[in-house]
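In the two complexes that follow, chain A is the common piece, with chain B as its partner first and chain C second.
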Partner chain A sequence: MKLLTLNFLTCARRTCKTSPSSFPLHPREAELEILESELNLVFLRNILPRLMWSELRGIGEELGLPSLPESPPSREDLVTKPSPAKPSSVTEPSSVEEEGGEGEEVPSQTAKDLHRLLLETTIKEGKLVCGNCGHEYAVKEGVANFLLPGHLV
Partner chain B sequence: MSRPEDTLPPDLFYNDSESRKYTTSSRIQKIQSDMTRRALALLSLSSPSLVLDIGCGSGLSGEILSQADDEGTPGGPHVWVGFDISASMLGVALEKEVEGDLLLADAGQGVPFRAGTFDAAISISAIQWLCNAESSEDSPAGRLSRFFNGLYASLRRGGRAVCQFYPKNNEQKKMVSSAAVRAGFGAGLLEDDPGTKNAKTYLVLTVGGGDLDGDITGVVRGMEGVDVMDQRRKAKSKKRAEDTRGSRAWIMNKKEKMERQGRVVKASSKYTGRKRRIAF
Partner chain C sequence: MASSSSERGSDYEATHVHAVYEDIASHFSSTRYKPWPIVDRFLKALPDGSIGADIGCGNGKYLAVNPHVFIVGSDRSSNLIKIARQHHPHAAIVADNLSLPHPQHSLDFAISIAVIHHLSTPGRRVEAVKCVLEVLRRPSSEEAQDGGKALIYVWALEQKESRRGWDEGHEQDVMVPWVMKGGGEKRKEKGQRKKGNEALTERQEPAEQPKDKTFLRYYHLYRKGELEHDIEEAGGTVVEAGYEKDNWWAVATLK
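Right after this comes the complex of A and B.
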């Protein structure tokens, strides 16, 4: 299960819905795996405002990942700026402008790191624990089990 | 046509052999992918989004969601999260190494995501299973309302959901769509090949707000070969002030309504709705 999904999952119990501590679910005894995938810059930009950054940092710490910066990156941080050392010659301005400015946006290191963290780092085995009721959701082969027994629904 | 949901609950019906049959049958694959494409057209996503797949099964529709824009998925490749109640189906999906995240969960127990998570939701041939309850402490209406309430909360403002399902009859169609409306969705039904054996019903749900063009009538605007039948009740202009309960006008109105329903109604006379003299 991707860390991106974990940033959106809450406890499935109805009594936990109202409690703020039902989000995020805390990973326990987690076994991580890296599954490579292609970087999608537009998607990252789309999802960025919906992330709960402080919770993501907390989960990163719990999993023992390298610590994240205090504040979330802005949308501009995801693209490398057109290099400032651009030749200032006026002879061929149009062609240079098109190549550097609009043509292809180059993902920055921040975007690459974010992609690595959210979409490539996955939880393979382990448990997810609700902070409110303490219910444990097992994760097996990357699939979390959110089925609840009838009396807990 | 036999209805699998009448025979067994979904987690038991889709066992290992049935899941494999479902996934390898090229006929089912074709139907599923056609319906997924139709649903995607209704969602009209323009950029890579986070999509929820309810009843993802073996990931037949998910595979289409992760395709790129030039392979025929509008706005793709999307990142999707799917859940299904059948572990065998998810096992097949794992073998195929689908790109989305999978969860083992029952849609009738709610949607375990925080508010405003998804841009869109898609569900192919799944929600008719919610119209059956397997235990006495559960009811179809309760399962449907828990599902739609959860779905409504987990979609962002201006999001859309398209659920293709096979209603057993008109009653079931009504039950599902009214549960969606009660959860807050703007709901509408789109039917492909109506009246034939392979009629397909799509429930198009919209969450208000954002840059969305109203309800389903906005969604299908500009689509070819779609007739709109607006069955929303027109706002009543007639004043109802004089029709107080028990008055003659109220009784006449009621009798007329009952007669229209085909009930046997006593003939009206000058005595209808008249007060009795106080008998002392």
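Right after this comes the complex of A and C.
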């Protein structure tokens, strides 16, 4: 399960949802796996305002991942600054730089790190624990299971 | 014909819906690849970067429609979720429509495609719609139209042109067979069957021939106006509704 998913998950028990301590769920005994995928700059930029940054930082810490900066990156932080300021002249032969064609933006290291953390870092095995009720949801073969036992429904 | 309403509920659905999908997952999935036009249109019209849920996502066929949004697909069947999780950039989890693990009022959209009709009592259907609506963002003000939107799609009673031929006046609670042809690689061998699967019946084919297996799933067929009624009952507002090829659909927001 991609770590990004945790940004949109809480405890499945109705009584927990109104309690702030049920978000985010806490990974425990997690075995992580990197599943590489193509970086999509536009996608990253679009989801940026939806990230609960301090919660994600906390999750990263709990998983022992390199710590995230205190404040979230800005949209501009996701692209590399155009190296030497581009001349406005249109006659300049396009010196094909990187894989970027004309006008194509190049993801910055920040974007790459964010992509790695949110979309490529996955929980393969482990548990997700509710901070409110303590219920543990199992993650097996990369799939988190939120079905509740009958007495908790 | 389905049992009487008093016998239905969560145990009934466990046998006559959940267990069946778990067993037919891969075969079911191989037949489910073409998105319905209304759903396709709804998903493609979402602003880039929208965040949503596909509640009862099955094999995840709608996760493939728009890669510019992020969808958390959920389904009760872990066998279907194993298939659904291949769709990037989305996510897939095992969860129950009535106990969804999403923070309340956090998402831009939700879709519920061919799911609510599997809930076996009127109360549970309204509750299921309520759970779908509950994940949606509230509008920014009372007059604003900017709240999250849900697309709900259910099987219609009125479908006299279809292979099933149901129409107005027919019993609405029905058992619908799913036939898995014998001999195919999708076929499960006898003895691998999970216990407690009373929905399964077998038909004996001529000797030496592999047997077909027929699975029965419970459906509540929606009559005209009933989906809108359930949405209102669940605290939603219908903003658009219609009929598409044997199904009733509606787009709803929170009141």
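Assume the second predicted complex is superposed on the first by the 134 of 153 C-alpha atoms of A that agree within 3 Å, B and C clash if a C-alpha of one lies under 4 Å from a C-alpha of the other, contacts with A are read in each partner's own complex, and residues count from 1 in each chain.
Keep in mind that, in the parts below, a residue touches a chain if its C-beta (ideal position, glycine included) is under 8 Å from a C-beta of that chain, and two chains touch if they have at least 3 such contacts.
Everything numeric here is computed off the predicted structure, so don't read it as measured data.
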Chain B and chain C placed together on chain A: clash or fit? clash
Is A:1 in contact with chain B, with chain C, with both, or with neither (first, second, both, neither)? both
If we overlay the two complexes on their shared chain A, which of chain B and chain C does A:10 touch? Say first, second, both or neither.
both
So, does A:18 touch the first partner chain B, the second partner chain C, both, or neither? second
| request: Mind working out whether A:46 is in touch with chain B, chain C, both or neither, as first, second, both or neither? | output: both
Residue overlap on chain A between the chain B interface and the chain C interface 1-2, 4-5, 8-12, 14, 23, 37-38, 40, 42-43, 46-47, 50, 119, 141-148, 153
Listed in rising order, chain C residues that touch chain A in their complex are 10, 48-49, 51, 53, 67-68, 70, 72, 74, 76, 78, 81-82, 85, 88-89, 91-96, 98-104, 106-107
Per the touch rule above, chain B residues touching chain A in the complex are 47-50, 77-79, 81, 83, 85, 90, 94, 99, 101-106, 109-110, 112-114, 116-117, 119, 135, 137-138, 146, 156
Chain A contacts chain C in the complex at 1-2, 4-5, 8-14, 17-18, 23, 25, 37-38, 40, 42-43, 45-47, 49-50, 119, 137, 141-148, 153
Contacts from chain A onto chain B in the complex sit at residues 1-2, 4-5, 8-12, 14, 23, 37-38, 40, 42-43, 46-47, 50, 52, 119, 141-148, 150, 153
